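Two complexes are shown next, each including chain A; its partner changes from chain B in the first to chain C in the second.
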Partner chain A sequence: MAEYTIKVRRFQPESGEGPYWEEFNVDLDPSLSVLDGLLQAKDKEDGSLAVRCSCRAAICGSCGMKINGQSGLGCKTQIGEAQEQANKMKGATGVTAAEASSPIGAQAPEAQDAVRATGQVEAGPGTTAVTTATEAPIVIEPMGNMPVIKDLITDMESTHWTKIRRVTPWLLPHGEPPEREYIVEPESMIDITQSMACIQCGACVSSCLSMEADPDFIGPAALAKAYRFVGDPRDAETAERLHDLAEDPHGIYDCTHCFSCIDACPKGVAPMDQIMRLRRRAGEEGIEDPNSGHDHEIAFVKIIEKKGTLDESLLLQESFAPGFKGKLKPNRRAIREMIGSIPTAIRGIKTGKMRSLHKLIPGVHPKLPDQDDVKAIYRHAEEHNEELNLYIRGEEGDDAQPDGAAAEEVTNG
Partner chain B sequence: MPSHDVLVIGAGLAGQRAALAAAEEGVSVGIISKVHPVRSHSNAAQGGINAALNPGDSWESHAFDTIKGSDYLGDQDAVEIMTREAPEEILHLEHLGVTFHRNEEGKLGTRAFGGASAARTYYVADITGQAIMHVLYEQLMKYSEQIARYEEWFCSSLALDENGECCGVVTRNVADGQMELFTAKSVILCNGGNGQVWRPTTNALICTGDGIAMAYRAGAKLMDMEMIQYHPTTLAGKGFLITEGARGEGAHLLNANGERFMEKYAPNKMELASRDVVSRAEQTEINEGRGFPDGTVALDITVVPKKRVHEALREIVLVGRDFAGVDITREPIHIKPGNHYTMGGVKTDVDGRTDIPGLYSAGETACVSVHGGNRLGANSLLDTLIFGKRSGRDAAARAKRIDYSRPSKQVLEDEENLIADIVGREKGSGRRISEIKLELGQTMDGKVAVFRDEAGIQEALEIVRRLKVEAKTAYIDDHGSVFNQDLIAAIELGYMLDNAECTCVAALERKESRGAQYRTDYPERNDEEWLKHIDLERTDDGPELSYSEVTITQWEPQERTY
Partner chain C sequence: MAENIKVAYWPGCVSRGFTPELHGSMALVAQKLGIELVELDRANCCGAGVIAEHNQELADTLNARTFALAQQTGLSMMNICSTCQGAQSECQQRLDADSAYRAHVNEALSGQGLSYEKAGDGGWTNKNFLWLLVEDYGLDRLKEQVVRPLSGLRVGPFYGCYIVRPKERLGYAEYPDRDIYLEKVIEALGGQIVEYDGARKCCGFPVITMSRETSLRQAGTHVGDAIDAGADCLVTPCPLCHLNLDMQQPEAAKVVNRDLGLAVLHLPQLVGLALGAEPKELGMGKHIASTRWVEERLTSGVAA
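And now, the complex of A and B:
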């Protein structure tokens, strides 16, 4: 058993007050979860502390929340680890996670005021906690990118579920089903089972930086759900789905590759990977990426492969008009795009973001000396060109086990 | 006053399947759930779903395994229906989009499971329940015009008309506290089991026996309430479930001496004997000093090929890592029997009909009975779907035959008064709800668990009855309307105490050992006197006992060995 201080961002909608912080002292084994800590506070101190929860085992997806600023599940985060993380954050920056975390301004503007007005902690009645000098409090907040209803309970219906329904989330098969099962590649089922592992907890939505900038972004959870159908060989509307998701300005090209959703996901769904699969499938479908994102990606990889470092002067032209070493084969769109980029480039020069101007001349940028190491990295990546799907691959360091378990596929009567 | 031809309460697998089946019949359907449907506890069913679909397998074989597993307390007509309809249901789910595991030919593949004479368990990795439920929820979204969803609405009581027929439900919108009386021609209770009555349990916090208690209070009969399954592989203390699929894939059970002790208890089926048998074997090893100091034995998954573990038992890898700090691919994990499943429940026929006209029940809430004294692994998902579907259809047929009858507003007023009373209790006027829950859970786990005897059960019953009195004055902290979880917990506590009382009374009554009911003071099965169901009906003085016959079609009771 150990003592912890959990600092909860509370909001009681019927009180007429804005959000406030409250600390609770709890006493539990470090291997128990942050949710266990919250439930202890709720059971022993204040039953009005509101948090959705049910299974306690990371299956039901109820207890999405931010812990020390990181989105995840309360039941899956061990309280001992959360304490270490809180201490580390304090040690590194001199501020606690609560001080560092920005109020969720978009959906609760009053939050900012309350926090500012009361300093950091407004001790509620019954609060006995005093944060010691060494142990930083574990900071718990409701999920981001969603309106807060009460304490840690957010309105998932108006955000998360509305976006899920946006992607036509049901199978659209061709005609009548077969008499028996659909015969499909075993790998295809394993492939989409990664998306099916999603428990709709909203942690990825909470962490999504693109959605912060564009609240209309369909978002990581709904797009992962979309891949579940696009990747399903039984679905007959793959092309329609891909066009729909690609042509929506808030669709698959709105993701900025920040990896936040992969970090946040408690189930290894890796939503960003599913979005990238959707993009790849869109490319295969001949859908033009309005941001040239796919070409940009290829240009990036190609330049580093050749030079070991990024030659930004080449990046622009390569992204719009592939053809290495300045051999421009620009099409009309590429020229338009490059001309359109000039103001951005000028702004970059003016603000000092683009330095070493001579390096802007294509080909001047020096190569990195140790080319062999770079080539080795590329070779390794080629050889391990499997998708990040634990259902297929197992984990790093697993021995190869070509045979399935003996119990498999027994058909005796 | 919202009204629907068919109103389904609970939105796990049974409820969602019932709603979809009723909607297919062309009636208007409402589905109410105290949590968002995808939070329902059907999620937790990891291992799979049984069906005799492989060539060479037969429904008779599946039926026999189920009946033997039930220790001959299952009603054989119901078991026949379930096992006959199972293959069609699997194919239906596959057509809806469930991502079932495939074999190399791209056809549905199976795994082995406990108590089964063939590998007939269809699965999606070890997230089968979740995968099926999310696909059914996709269908609920698809048919949103026919099926109205009331997500996060809590039901507090059933409404009967002057003829004693069920015609509605009193509900509370959790989000704003608004109370509503819903009317319906048929009501289907699908709100799960009562695992929270025990602590620890594998069950979610929402599994508080709501449907069982609501039906009981309305006058419906309960059946087999003494039959509570303890799952053989749960994490000590926390109660987390390790799927039977682990043993299906070949994992061993070892005592502290490293002995594969199942050799002594079930030499043929070993780790894959019925759950009651394996749980008793483990508990015996632990009680006789061959367990680990933390009161456990070990489950050794390292004998299963690693790739197979990652592919088929991924969830368990995560559970081991996150909740026990154990890499199950490299070392054994400590486990013990833990509360898991309610075989008993609201007594129904094979179409989900209870004793109260208009009131149906399916899934863990109901007792058809297909599980009898002990449920086989991977039969619970099947039960929810088959009897969910059948009750949905029958409820729709009834709705087409009759007109709405208006429930009296009195029931709504009564409920509002009750809530006002709970909210109005002064702090310190009694005990905290959480204290009573804890005492209840520990009492039941201590005295009404794997091994039972008269003195222990009697003691538990007395404690439960004291707690019922204390619950009447227990106070809550939250006095608001928005997401008042404190208030809901107080109502749920009442449900739990009714469930506990019924289990104790039935466990005291059954003076034999059968399935999950093992009486150390009556260690033998006694078919002569006890091959019968115990039914319970509510009176002001507690549950009144009666008996009903077990339906036997073609399988006469035999000695049960594995």
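And now, the complex of A and C:
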């Protein structure tokens, strides 16, 4: 058994007051969970502390929350590990996750002074009455990107379920249904098993940095769900789904590729990887999206094939007005974007950052001395185009089998 | 600890493109630190995640080529870009996980006399300058080199997503403190750490051409938060973050509708200042957001 201080961001709408921090001291084994700690506080100190939970075994997906700023499940995070993380961040920065991530004005005056002189770890401004100098409080907050109903309970309807419904999360087969079940090759379902592991906890939505900047972004959970049906061989509206997801300006090309959802997901769904699969499929479908996302991807890939390293000015031009195939027809948004980038270029020329011909004129960038080698790689990869999904394949064991024997079977299959 | 460090050096594309001051300052700082750089001038772009989005095997093979070129020198590899680190680590993870796949990828390189070999424990590595500085060079040794402590300079760290996530891929099991190394370096150089919300968030750069407002709102918010927390400057090990936080800063200011104007330093520049290099030699005049305030703070800091 060990003592922990958990610092909970609380909010009771009926009180008419704003949110505030409250610390609880709990006593439990380090291998037990943060959720266990919260339930002990609720049981022994304050029955009004509101938290959703059910299975306590990372299956039901009810107890999504932020622990030391990291989104995840309360029941899947050991309290001992959460304590180590809290100590580490406080030791490095002098402030706790509470002050860094969600300063609550009047209740956390220490947040106003987040600057710390070097070497004064002990005298960090976050020290409070119940916190000892060495143990930082474990900071627990409701999930992000969602309205808070009470304490740790968020309204998942407005930003999670609405977006899930947005992607038509059911099968759309065509033709007469079979007499009994649909029969598919087992291999054809492997690709979507990862997205099927989702338990709808919302941790990825809570962590999403694109949604923070653009609340209209369809988001990681809904897009991972979308791939679950795009990749399903029984579904007959794959192309329609891809058009829908690519043509929405807040769709697959609004993901900023920050990996937050990958670290937040308690089930290894890796929503961002599913979004990249959707982009790949939309590209194969030849869909022209309003964000020029596909044009950007193709431009990037072709520039490296031609030059080996990135020609940045050519990438900008080609992303908006693809001329590689002899068509130079930017759409209205692209023209606006290109004109919009002129002041940035002028500033770059002024400071000397961009003051050279190959940075200003698209296409002048030199190619690598042995660019033919790079081109050979392109030919090889385009012939095979293999995708290795470690979630499905798993990592090779050290002594599991003679070098790659089993893996080889799968590769060739 | 005092042995010389010699690495195969992959500068990346952007450090020789729109952030030339990064490549220049790295060369200068390596010399001052006594790190010998063997530049991989025939290596190719890491793909920045975009090529992997198009064709995973293509990205894996392109990076296997870079790794093989580095291995040919008999040296471990160093990069100076969080995005290179993340994109290359992703490919390396797949290559290392499956010997059959590795053999398949190496087949594409065999015509060039190249082959990527999986390293055993403690063998060949690919590390960002930040990781190398803390893990191999050592903070104590760094401290000994400081001739102009950054006293009074309030520095906000900005990591770049690709170097902090996903933790499982980026060696955090072995090096759990990789997400607080910038703080450690700032401290070792004598500066003050500024904690603000955006340190480990996304600069928005990957969607600057696709979703400009989302992108600039991210950059503008983080710069604004750092200013509100009292920062004199930000420091980043990622030139792509630098593009959005510095080069696009005036545009980001318009989107978040407030004045910004915060200097953003590349990691080698911050180290270089503490090692006594002049701002001009470090290319700080090439930045869009003026670095004059940083220079003033440092001069007054030395006087105090």
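Here, the second predicted complex is superposed on the first by the 263 of 413 C-alpha atoms of A that agree within 3 Å, B and C clash if a C-alpha of one lies under 4 Å from a C-alpha of the other, contacts with A are read in each partner's own complex, and residues count from 1 in each chain.
In this section, a residue touches a chain if its C-beta (ideal position, glycine included) is under 8 Å from a C-beta of that chain, and two chains touch if they have at least 3 such contacts.
Since the model is a prediction, treat every value here as computed from it, not as a measurement.
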Which of chain B and chain C A:Asn68 touches, first, second, both or neither: neither
First (chain B), second (chain C), both or neither touched by A:Phe300: second
Chain B versus chain C as contact partner of A:Arg180, first or second or both or neither: first
Which of chain B and chain C A:Ala58 touches, first, second, both or neither: first
Chain B versus chain C as contact partner of A:Thr154, first or second or both or neither: neither
First, second, both or neither for A:Ser206, with chain B first and chain C second: neither
Chain B/chain C common contact set on chain A: 390, 393-395, 403-404, 407-408, 411
Partner chain A, residues of chain B touching it in the complex: 35-36, 38-41, 43-44, 54-58, 61, 91, 94-97, 99-112, 118-119, 124-125, 127, 130-131, 134-135, 138-139, 141-142, 151, 175, 204-206, 238, 240-241, 248-250, 304-308, 310-312, 314-315, 318-319, 322-325, 329, 432-434, 476-486, 489
Chain B partner contacts - residues on chain A that touch it in the complex: 12-14, 31-32, 42-44, 46-48, 50-62, 76, 78, 149-150, 153, 156-157, 164-165, 169-171, 173, 177, 180-186, 189-190, 192-193, 196-200, 229, 232, 234-235, 268, 390-395, 398-413
Contacting residues of chain C [partner chain A, same complex]: 13-14, 16-21, 42, 44-45, 47-58, 60-62, 65, 86, 93-94, 97-101, 103-104, 107-109, 111-112, 154, 161-162, 165-167, 176-177, 180, 183-184, 187, 190-197, 199, 201-202, 204, 206-207, 209-215, 217-218, 221, 229-230, 247-248, 250-251, 285-288
Chain C-facing residues of chain A, complex: 88-89, 92-95, 99-101, 114-119, 209-210, 212-214, 217, 249-250, 253-260, 262-263, 270, 276, 279-280, 283, 291-293, 296-298, 300-301, 304, 308-310, 312, 316, 319-320, 337, 340, 343-344, 347-348, 351-354, 359, 368-370, 373-374, 376-378, 380-382, 384-388, 390, 393-396, 403-404, 407-408, 411
